[in-house]
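The chains carry the letters A, B, C and D, assigned in the order they are written, with residues numbered from 1 in each.
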Amino acid sequence: MPVNVAINGYGTIGKRVADAVMKQPDMKLVGVAKTSPNYEAFIAHRKGIKIYVPQQSIKKFDEVGIPVAGTIEDLIKAADIIVDATPNGVGAQYKLIYQQLQKNAIFQGGEKAEIADASFSALCNYNEALGKKYIRVVSCNTTALLRTICAINKVSKVEKVRATIVRRAADQKEVKKGPINSLVPDPALVPSHHAKDVNSVIRNLDIVTMAVIAPTTLMHMHFINITLRDRVEKKDALSVLENTPRIVLVSSKYGAEATAELVEVARDLRRDRNDIPEVMVFSDSVYVKDNEVMFMYAVHQESIVVPENIDAIRASMRLMSAEDSIRITNESLGILKGYLI
Amino acid sequence: MPVNVAINGYGTIGKRVADAVMKQPDMKLVGVAKTSPNYEAFIAHRKGIKIYVPQQSIKKFDEVGIPVAGTIEDLIKAADIIVDATPNGVGAQYKLIYQQLQKNAIFQGGEKAEIADASFSALCNYNEALGKKYIRVVSCNTTALLRTICAINKVSKVEKVRATIVRRAADQKEVKKGPINSLVPDPALVPSHHAKDVNSVIRNLDIVTMAVIAPTTLMHMHFINITLRDRVEKKDALSVLENTPRIVLVSSKYGAEATAELVEVARDLRRDRNDIPEVMVFSDSVYVKDNEVMFMYAVHQESIVVPENIDAIRASMRLMSAEDSIRITNESLGILKGYLI
Amino acid sequence: MPVNVAINGYGTIGKRVADAVMKQPDMKLVGVAKTSPNYEAFIAHRKGIKIYVPQQSIKKFDEVGIPVAGTIEDLIKAADIIVDATPNGVGAQYKLIYQQLQKNAIFQGGEKAEIADASFSALCNYNEALGKKYIRVVSCNTTALLRTICAINKVSKVEKVRATIVRRAADQKEVKKGPINSLVPDPALVPSHHAKDVNSVIRNLDIVTMAVIAPTTLMHMHFINITLRDRVEKKDALSVLENTPRIVLVSSKYGAEATAELVEVARDLRRDRNDIPEVMVFSDSVYVKDNEVMFMYAVHQESIVVPENIDAIRASMRLMSAEDSIRITNESLGILKGYLI
Amino acid sequence: MPVNVAINGYGTIGKRVADAVMKQPDMKLVGVAKTSPNYEAFIAHRKGIKIYVPQQSIKKFDEVGIPVAGTIEDLIKAADIIVDATPNGVGAQYKLIYQQLQKNAIFQGGEKAEIADASFSALCNYNEALGKKYIRVVSCNTTALLRTICAINKVSKVEKVRATIVRRAADQKEVKKGPINSLVPDPALVPSHHAKDVNSVIRNLDIVTMAVIAPTTLMHMHFINITLRDRVEKKDALSVLENTPRIVLVSSKYGAEATAELVEVARDLRRDRNDIPEVMVFSDSVYVKDNEVMFMYAVHQESIVVPENIDAIRASMRLMSAEDSIRITNESLGILKGYLI
C-alpha cells in the first residue's frame, strides 16, 4: 500500500515535490496545503490536486473559484508523512502540530538543523536518516556541495574543502526581491553558513565557504577546491563525476556554458518547467594539481532538492534501501548521470 | 500529400517552427539547415531531425559527432517551401537561391518588407497572402500590434493608434546582448519603425509608435491607445478580446501580472519551453473613455510568430482557407482564447 | 535672517535636500533627523551636519561613534520649517507633531495628497502654495509630467494627455528591491495613480497614464502624447522646451541616449552624486502631428524633486516670488535649461 | 620641467588617466586622441583638453562642433610618453608608431604581456619597471589581486593563492554588452587567464584562479584564499591591510556592504565620478585558519588602474623612487588607506 504524502506549502519547492510524489509507485499524494489563492493554487486545482487551506482562508479561495477540500489540519491527519515546504522558519511552527498528530515530516533547508533528527543528503547519509521521524533536506546550495564532495570522496579521502558560492538572488517568479545591479556579500563574514550546513551532514569536515548574491534568477554557481589525502589524476576525478547519479557533466563543445544557455538546453530537452535537478559540472573546468581538485558547477535551485525529498520520505518511512530509493527516484523523474550535452 | 517544409536557420524561431510543422497534419518537415554545431543542433539530431549544413561546415559537425544529411542546397531542393529563420538580413541573400530553385519561402520580420510579395498577419490579411510565392511574417512586436488592432477593429472602426513598446533586450539564451542596467530609446526618434511595419499590413492606418529597450529577456510589453470611430463600452472591447483566437486575457485575481509570473504560469501549465504564443492582455487594464480604448499586454517574443508561420505556409501554398488554417494551427499547437488564468 | 530648515528623514531625498538647503542664501540647515546609524548618517556627521535621533536610538548611534545633537523633537523645535523626507506614509504620523509644535512642513510624493494644503510643482502652481502651512511636493514621476505639461501648455492650451511611464524599480542604493528580470505592470489597472496625482495640481486636466516597472535603478522614462487646442509646429514645441528652466534637451548627435549614458555624462560633467535634476527630453523624439505633440524623456528620480523642495520652502514661508525663487534655486544648484549635450 | 603626457584612447580608462595626469606636479597633458566625436570628446573639449583625431575623422568632429587640434601622429610627436588606453589589442598596432617616433608608452591590461618590457603593479614591482620604454599596467582584476597578495606577503611569505573572481559584465556606460540574466563562466576552463597575468609580475607564484561573469556593471568581487609559510593571526593580516596604501577596509557596521552601497558611499563622499581606486576589503570577511588567510573584496574596475598608470609613467621616465611616486599619486588623487567607512 502506498504511503500517503501531504505537501504543506505549495510554492517553488512544494509544487515540484507534489509532482514528483505523484510519479512514485510507492506514494500517493493526498493533497497540498496552500494559504493564498494564487495561480499556483488555481493550476493545482485544474490538475485535480486536492487543496487544503487554513480555516480562515476558505472564503478567499471560494471567492476566486478554487474549491477547498478541507483545512490544513484535515490534510495532516489524512497523511502518513508531511513534506513541509513552507517559507523559512514557518516549518518550525508546524512541527508542533506534526508532533501532536504523531506524523512523520520532511523539512527544508530554510529551517534550522535542530528542527530534525537528521539533516539529509541522499548520496551522503541516507542510512543515517533511516526511520527518523523528522528529517531535514539541506538547502539547495548545501545539497549541491554534498553531492560533489561525497562523489569526489570516492577518488580519495576529502581532507579540506574551500568553496565560493555565487547565489542567484531570487527564483524566477519572485519579482519583489533584488538586487537589480549589485553584488551582495552573503554575508561579508567568512565562513558563510553553508559550511556549517555541510557539517550537519559530514561532521568534522574542514570546510570554509564564502558566498555572494548576484542579480540573476536562474541558477547558483559554485567554485570548489577540494584537497584530498592523495595525489590524483584528472581522469579519475572526471570518471567519478561521470558515474555519480544526480551529477551531469556539461562539455563546452556544444556552446552551452552560461546558466541561461543551460536553461535553454532544458527547454529544448522538454524538461518539465525546464528543471535540471542534477548538479551540472563544467567538464572543462575540472583541474587537478597534486592532491587538489578544483572545478565549477551550476545548481538549479528550484529543483535540486526534489529527488532528495522523495528519498527522505522513503528513508523516514523505512520503505527501502538507499540504492533502491535513489534508483527509483532517478528513473521516475528522468534524472541522469553522465553528459547532459 | 503533405507539403514538404524545410527550415533554414534553426535558432529561437526556427526550432519552434520546426516543432510546429511536425504537429501539422498537412505538412512534413524534410529537415533543418544549421550553420554552427551547437546544442540546438545536437538536440535536433537526438530528436531525429535531419540536419543540413553549408558544405564547408560538414567537418565541424562531424568533429562533435552530429551527423549531417546534406548541404543546405540539398535541403532546399527537397522542399516545396522554405521557412527562412536566419538572422536579420541573411534571408535576403538566400532569397536568390530560393528563386533560382523556384521554391516558395516564408521570411521573418528581421527582413525588409520589400523581400516579400506580402507582409503577413493571419488575423488581418491571410487572404491577401493567398498564393503569394514570398511572404514575410512581420516581427514579434508588429504581430502583437496587428492582432490587437484587428481584434478591436471589430468593436468599431479603428481610426488612430498610439502605442508605446517596452522591448525585451535579448532572448533568454542570448548572453552577449545588453543592456544590464539601462533603458535604451529604440530609437530616440519618433515614430519607431513598428508603425511603418504595421502599415505594411494595414495601409493608411494612422499609427505612431515609440519604443524603448528594457533589461529583461522574458517578454515585451505594449501600452496601446486606440481611437475608434464610435464611442464604445468597456464590455464590448473586453468581449471581443475574449473571443479572438490567439489573444488570451490575464486577470489579476490569481496574482500573475509580472512577465516573470506569466512565465511561471506557462511552466506550471507545462507549456513546451514555457512558450505563450498568445498575446496576453491584462483584463483589468482595459480602459474605455468615449471612443478611446486603452490597455496593456505582454508579448512572448520567442513564440508569438510561430502560428503565423504555419498559416503563412498554408496561404502561400493555397492549402486552405484562413478560417480552417487558423483553427487547425491553434488546435495542433494548443493555442487558446479566453482567460489564460 | 535665514529660515531655519530641518530635514526629517535623511535618505535619498533628505540628504539631497539638506545639501541644497546649505547652498541657499536665505536658508540655514539646523540639522537632520535619522533613525539608523548607517553610512549616510556617518558621512553627514563627517560633513559637520548635526544629527538628531529618536530618544531610544541614541545608544545605537553612540555605539558606532556617531555623535547625536538631540532628539527629533529637539530638531523640530529648533526649526521654522521641516522638510519631511521620511518613507511613504511616515510623514502622516509626523504631521501631528509638526502641528502640535506649530511648524510649517514640506512633505514628499509618498504621502497622500490630503496631507497638505497644496500639492506643488514650482513651474505650475507656486503661487497657489504661497503661505500654505503644509505643502506636498508631488512624486518624481508627477513632477516630471507637470514640468513638461506646463511647458507645452505655453505652445497652445493642453486639452488631453496620454502617457506611458516606465519606472525604475529601485534607487541605486536599494539592493533588496526587485525585479531582477521582469516587467511589472504598476498596476495592471488603467489609469495608474500618476494621472490623479497630476490632477492634484492641474485639476480637470484630461489625463490617462499607464505605468510599468522595469529592472533598472538609474532613471524613469516617459512617453507622452499631448493633444493641444491648436495645430502647432515642431519648432514651436522645441523652442518652448529649450527655454523652460529645469528641462534640458539631449541630442543624439553625441551618442548619449540610454539612461546609463546620461548618467555617464553627469559623471563626466562632475555633477554631484551624478545627479540630473532637470527633465531630460530627447530632442530627436519630439514629433508633432496636427495638434498632437509626442516625445520621450528621462527622469532622474533621486534628484528631480530637490529644487521643488527648495521652492516649496520659500512658497510656504512667503520668502519671495516664484520667479525669484526658481532663479535662485537654479543658480545655486547649477540647474540648466537648453541642451545638456 | 614636467613630462609631456599624451593619452591615446579617451574612454573609460583614458579619460580618468587624463584627469589624473592634470593633477600631477611633474606632468603636463598635451592632449588626447579620440576616434569618435561622442559625449566624452565633447565634454573633454568643454574642459579645455586638446583633441587629436585620425586624419580621416576630422570632418566628423567638425560637423558636430568639436574643434580638432591635429592628428594622432601630431599628438604622439608632441609627447614624451603616451598612455595607450585604446581597446583590447589596438595598442599593439600603435606600438609600431610609438617605436618609430621613439616614444615611451604605457599600455593597459587588454594588451598581451609581450607588448611591454615589464608588466606593472606599483606596490609589487615598481623598481623592475624603472626606465623601461614599454610598460603594461595589468588589468583591473590582476591589479587588485597583486595589491592584496603583495600586502599579505608582508605578514608572511605567500606560498599559494586560490581565488574566485566574480566579474562585472560591462562598465556602466556600456549598454550593448550582456548578459542580462545569467552567470557566464569566464571561461569554463580552470585556471582562468588571471593567474597567468599575476605571474607576469610575480613569477613562479603558485596561483589558480576561476572566473565568472555576473550581470552587474558596478564592481568586481574577489574571494581569495592565501596560504602562507607560517601560521599567522587575524590581527596581523588586518593590520597589514589597514596600513597598505590603495587598500581600504570596509566595516559592516555602517551597513554598506553591497557594491551598490559602496558606490552610494562614493557618491556621498563626493568622489569624482564616484570612483574608488582603492581595493575595498570587507574587514569582517578576514578569516585566518592556521596558515591560510581568506577574505573578500570589491574592485572598482573603472578606476583601480588609474594610480598605477601615473606611477608607471614615472617609472618609465625614471622621475622618482617608488615611495615618492606612490605617495604623490595618492595625495594628488585623494587615495586613502585604512577604513573607508
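The rule is simple: a contact is a pair of C-beta atoms (placed from the backbone, for glycine too) under 8 Å apart; a residue touches a chain by one contact, two chains touch by 3 or more.
All figures in this text were calculated on a predicted structure; none of them were measured in a lab.
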| item | value |
| --- | --- |
| Comparison of B-D and A-B by number of C-beta pairs in contact, larger one | A-B |
| Maximum centroid distance from chain D, chain identifier (CA atoms) | B |
| Distance from chain D to chain A - Cα centre to Cα centre, in angstrom | 41 |
| Euclidean distance of C-alpha centroids - chain A vs chain B, Å | 36 |
| Separation of mean Cα positions, chain D and chain B [Å, integer] | 46 |
| Residue numbers of chain D (touch at least two other chains) | 172, 174-175, 179-182, 184, 215-217, 258, 260-261 |
| Contacting residues of chain B [partner chain C, same complex] | 162, 164, 166, 179, 181-185, 187-191, 208, 210, 212, 214-219, 221, 223, 225, 250, 252, 257-261, 282, 284-287, 289, 294-296, 298 |
| Complex interface listing, chain D residues touching chain C | 15, 36-43, 64, 172-175, 180-181, 217, 253-256, 258, 260-261, 263-265, 267-270, 272-274, 341 |
| Complex interface listing, chain C residues touching chain A | 169-170, 172, 174-182, 184, 215-217 |
